[in-house]
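After this come two complexes, each holding subunit A, first together with subunit B and then together with subunit C.
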Partner chain A sequence: MIEFIITLFSDHTLRIVALGAITIGITAGSLGAFAVLRQQSLLGDAIAHATLPGVCLAFLITQSKSSLILLIGAALAGWIGTLFLMLITRNTRIKKDAALGIILSVFFGFGLVLLTIVQKLPTATKAGLNKFLFGNAATLLQEDLTIIATLSAVVLMTLLLLWKEVKVCVFDEGFAKSIGIKITFVDILLTTLIVIAIVIGLQTVGVVLMSAMLVAPAAAARQWTDNLSVMVLLSAAFGALSGLSGAITSSLVSNLPTGPTIVIFLSTLVVISLCFAPRRGIMWDIIRYNKSRKQIQTTTMLKNLLLFSEINTNDPFHPHDIAALDAIGRGAIDQTMQELKNKGWAQQFKDKRWALTPVGLKEARSLTEEYEKGLITEN
Partner chain B sequence: MLTTQFEIMLLASLTAVTCALPGVFLILRRVALMSDAISHAILLGIVLAFFITKNLSSPLLIVGATLVGILTVSLTELIIRTHKLKKDAAIGLVFPLLFSIGVVLINKYTGDVHIDADCVLFGELAFAPFNRLYINDIDLGPQGIWVISAALMLNITFIFFFYKELKLSTFDAGLAAALGFFPGLIHYALMTLVSITAVSAFESVGSILVVALMIAPPAGAYLLTNRLSHMIFISAGIGIISAIGGYGMAYAFNANIAGSMATISGVIFILILFFAPERGILANMVVRKWHKWDFAASTLTVHLLQAEIEDADYTEHIVSHMIRHMKWTPEYTSEVIAQCIQEEFIEKHGSKLVLTPYGREKANLSLVKN
Partner chain C sequence: MTKQTELSAISINDLTVAYNEKPVLWDIDFHAPQGVLLAIVGPNGAGKSTLIKSILGLVKPAAGQILVFDNDYRPQSRLIGYVPQKNSVDWDFPTSVLDVVMMGCYGELGWFKRPSHKERELAINCLEKVGMKEFMNRQISQLSGGQQQRVFIARAFMQDAPIYLMDEPFAGVDAATEKSIIALLRELKDKGKTVICVHHDLQTLKEYFDWVMLLNVRRLALGPVNEVLTAQNLKKAYGGKAGFLAGMNTEEK
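And now, the complex of A and B:
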């Protein structure tokens, strides 16, 4: 392990890959938090697919494979895609999901046409643009890392400077409008930041899966906290962690594309978060549910024991047959009786007959009283 | 050569129509992006089924892909039902994972076989005619045509027999449930159709372009008509035009056919978006402009009517009045007056503006309306 870490930081390529993936994870994770909260998770998918024709056109026009030029082309195409999206949803009755689908598939289809044209050019080697489909972290160069780091810094600084405005807009647009925040401005700004975050990850993760870099860390982070700052930080951390693990794994193992590897790491984090995050996790839901069910079972049984005694005899400690108790109970009779016994509220007699104890009687009386009081106040 | 071209165009057209049929309902039910999710995720089903059969043309591939398609829908709905995440995030999580597992499996374990992620994403229509179906050495044409025709027949049959149920559960799920039509069942049946359609089409057009053919033609048709039956036929028509136009474009530029089909379907959608007779952007602009002018004319005539009742001299100052009180610019005011004179709402008597009987009627009408 230690040896591995030493290799990681002494190996030039691996160091660039690791730093690149961490930066992309942090940027995409932070912005993804806003995309998920604003219910725009699939916007990233559409933008990412829409960048493909931009990459190809930039190459066709400039004949240059410089990352910066290709990324500028990608960003422009992504931007035009979102403009079309707004044009469609604001002017027609076509809903957002259909508009996203059209942008995503048509832009990608057009990109594909351009890609096949590019590949037939004598100047193009096939590997050049293909990495934009599924990503290849191993192709990152020092120059790419500089671009990624610079753009990420710009994105994160902008977010930090306009934190208050963005926060208000995410949670209460009406209030934001009333205190004079320009919602359209914040909307366009956030979308632009998302476009940039997507574009810097294209080379590493690819257009097909880049959206998961936005959605998954944020969806995982959401489960751990109700606080926006904590969520953004956590999301960034999840993004960085998965980006690093995925990029390193795919660089070390042959024939493993980076994008899918990162997505699998991310999804693992999401599943863990959905199941085990404190308070919100599914596991806690199940525990809470079982606990309250058990409580209902025992209190109902306690009241039933009292009810039976009052109806049949004047002796509140009269033992009753377990079958009769089961018939009007709420299931799980054996555990319920055991629970009552443990609490000292009921005792067992021979022939599986059960009766209240004095403590149990007091508890049952107070429960019944509480219940009747509840009925009266309700009426 | 001619027959090869014809076969490609036939296959492309059949694919476009097959995709457009379930697409209509996806659009109307606002679940268009499930097609994106399903068409990506089926890759995993194809790969897993391929591991079992070791045969790329086995019908088991279709079964596997369909099952994974349904799995995608169920997983997404499972996540939504936990209320931990919203619908869009749930969709955005499930299909990238399934797709990623598929891509990794392909890359790691099928290195020497002709199946790769590229071909699933893009498809290659141009090769379809070479993969022919033979029974007893009789050439029955490209296998792809038979597969997609079967899917098409299935879609047509389903929509024909369950038209009423589909229509009701699409437009009023609550009423459908109340009448005992099981909208949930219809939903899953439709998603199964989408999966089968996607897997039948993927070999020819690739998974992402399945999305284009499922969404773009019905979305265009949605802007052209209000009738479900018309929408289905228009979508199919747009699909066929996209298919044949796309083939032409691919032929001209020597480019990927499926990509060209998606591009043409996008171009047709943009044309409809701008020029659709009632719901296009241009038509909207004309209507908006007319409303603005109509409102201005109403305002002017009502003011003149008021002036007639109160004080006749008032009309002489009507221009400055409109400028002051209605915040109209002098140019806009004279424009409206000129327009009103042309429409014979008002007449000019010297410097005075007088309502015509027709103009008086309009003023009264707008007063009644408001």
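And now, the complex of A and C:
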């Protein structure tokens, strides 16, 4: 493993790929946290798809394959897409989700047509615009890395400086405006930062799956924490980790596109987080449900044992047949009785007959009293 | 019943607000004296929240003038503390009670500046006033409706403003919380602050508030509760539906 890391950073190409992917992961992860919290996860997807015609047009117009020019084209197209989105939702009766779908498909379709035109040009073979579809980390050059790192630094610094404004706007826009914060400015700024975070990842991850870099790390991070700063840091870490793993894997296997590889690593993180995160994870829910079910079964059975004895005999320690107890219980009778026995509240007699112990009687009486006083409810 | 000072806390002249050509508020004149507990009352869709939002500058009026202490109002956190409807935010947002209360000083701090120890102490103080100090590190998704409401009120206290606008502070809270909130509002009033609430419950109106505005797109009545709360006025606001309520109110006193 250590050897692998040494090889990784001594190999010039791999080093650039690794550093590029980590930077993209950090930036997209951090911004993605806000996109998810603003319930704008699909906005990233629409913007990413909308950048494709921009890349192609930038190439067609300038005939240059310089990353900077292509990225500027992408950013402009992404911005115009967002602008159309706002115009559609404000001035028509079309709802936001429909507008997102329209922008995404129209821009992406137009982009694919342009891409076909570009590929038929004699100059196109070396331009390799195809990588913008599914991403190819291996094509990252030193100059690309410089652009990615510079833009990421600008994005992250801006986010840090305007942290509290962004936070209050995302949580409670109306209140933010009432205390004099320029919410339109913050809104435009945040969208711009998201556009930049998307654009710098296009060459590596591709337009089709770039939104996963925004949404997936944030969704996974939200599972583990209830603190905004921790969530953003965790999301950045998840982004960096899957970016690195995906980019390296795809660089080592020929013809393996980077975007889908990264998404596989991201999905693994998301699935683990959804299942196992404390408190919010599915496993946690199941454990909590079983625990409370077991507790209800035991206390109900305890009260029933007492009730049964008091109705049928005057002896609270009168043993009852397990079949009779099963009929009034809430299932899993053997487990329930075992649990009562473990707590020392009930004891077993021969022929599968059960009775309260003195400790159990005391417990049952206090439970019944609490219930009658309304201190606890049946559930 | 309340002495009226010359300077109104809020005065509104000829305010009209429309969403998609349909008027929500029509030609409203409204003068709230200083140091009163004023309720804005009216049926659903009467424009109560819109009125509050227009005062705060969250909604752009089609016409009219809004003055705060006789000045053209631009959203200034110094003058108005705002308690929005508690279901207007996502309570699953990853943040703590103390963090939400601290947001009350974000406007005052200005761009780039971070809240310091001083603001933190102030926030804890505000939480103590609403009886929520022990919940300061609690994640906000774990709060009950009444606790959420009190957190929002604590956040407004951070602004230490002379005027408070509250959008249904009693919605979805239990009777005990309602009593404790009204006690807080009375404390504010005793300090000379003006508190304006959107309110729904006609039965508690007399007990809780000293001024009332009846609103149904137009301003139907404004003044001290005893003068305004007549069967005739309520019928104007609610139509036939409030007949039984009007009867009850005249019986009371």
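Everything below uses one rule, namely that the second predicted complex is superposed on the first by the 372 of 379 C-alpha atoms of A that agree within 3 Å, B and C clash if a C-alpha of one lies under 4 Å from a C-alpha of the other, contacts with A are read in each partner's own complex, and residues count from 1 in each chain.
One rule holds for everything that comes next: a contact is a pair of C-beta atoms (placed from the backbone, for glycine too) under 8 Å apart; a residue touches a chain by one contact, two chains touch by 3 or more.
If you're wondering where the values come from, they're calculated on a predicted model, not measured in any experiment.
Is A:122 contacted by the first partner subunit B, the second partner subunit C, both or neither?
Neither partner.
Once chain A of both complexes is superposed, is A:172 in touch with subunit B (first), subunit C (second), both, or neither?
Only subunit C is touched by A:172; subunit B is not.
Figure out whether A:109 sits in contact with subunit B (first) or subunit C (second), or with both, or with neither.
The first partner, subunit B, only.
Report for A:216: first if it touches subunit B alone, second if subunit C alone, otherwise both or neither.
In the superposition, A:216 contacts subunit B only.
Can A:101 be said to touch subunit B (first), subunit C (second), both, or neither?
first
Which residues form the common part of the subunit A surface touched by subunit B and by subunit C?
39, 222
Mind pulling up the subunit C residues that touch subunit A in the complex?
Going by the criterion above, the answer is residues 53, 56-58, 74-77, 80, 82, 84, 88-90, 93-96, 99-100, 103-104, 106-109, 111-112, 114-115, 139, 141, 155, 159.
Quick check: in the complex, which residue numbers of subunit A touch subunit B?
Against subunit B, the touching part of subunit A is residues 36, 39-42, 44-45, 49, 87-88, 91-95, 97-102, 104-117, 120, 130, 133-134, 208-209, 211-212, 215-216, 218-219, 222-223, 255-257, 259-261, 263-264, 267, 270, 274, 280, 282, 285.
Spell out the residues on subunit B that touch subunit A in their complex, using ranges where they run on.
That would be residues 26-27, 30-33, 35-36, 40, 79, 82, 84-86, 88-89, 91-93, 96-97, 99-101, 103-104, 107-108, 111, 117-118, 121-122, 208-209, 211-212, 214-216, 219, 222-223, 249-250, 253-256, 258-263, 265-266, 269, 273, 279-281, 284 of subunit B.
List the residues on subunit A that touch subunit C in their complex, please.
Of all residues in subunit A, those touching subunit C are 37, 39, 161-165, 167-168, 170-172, 174-181, 222, 225-228, 230-231.
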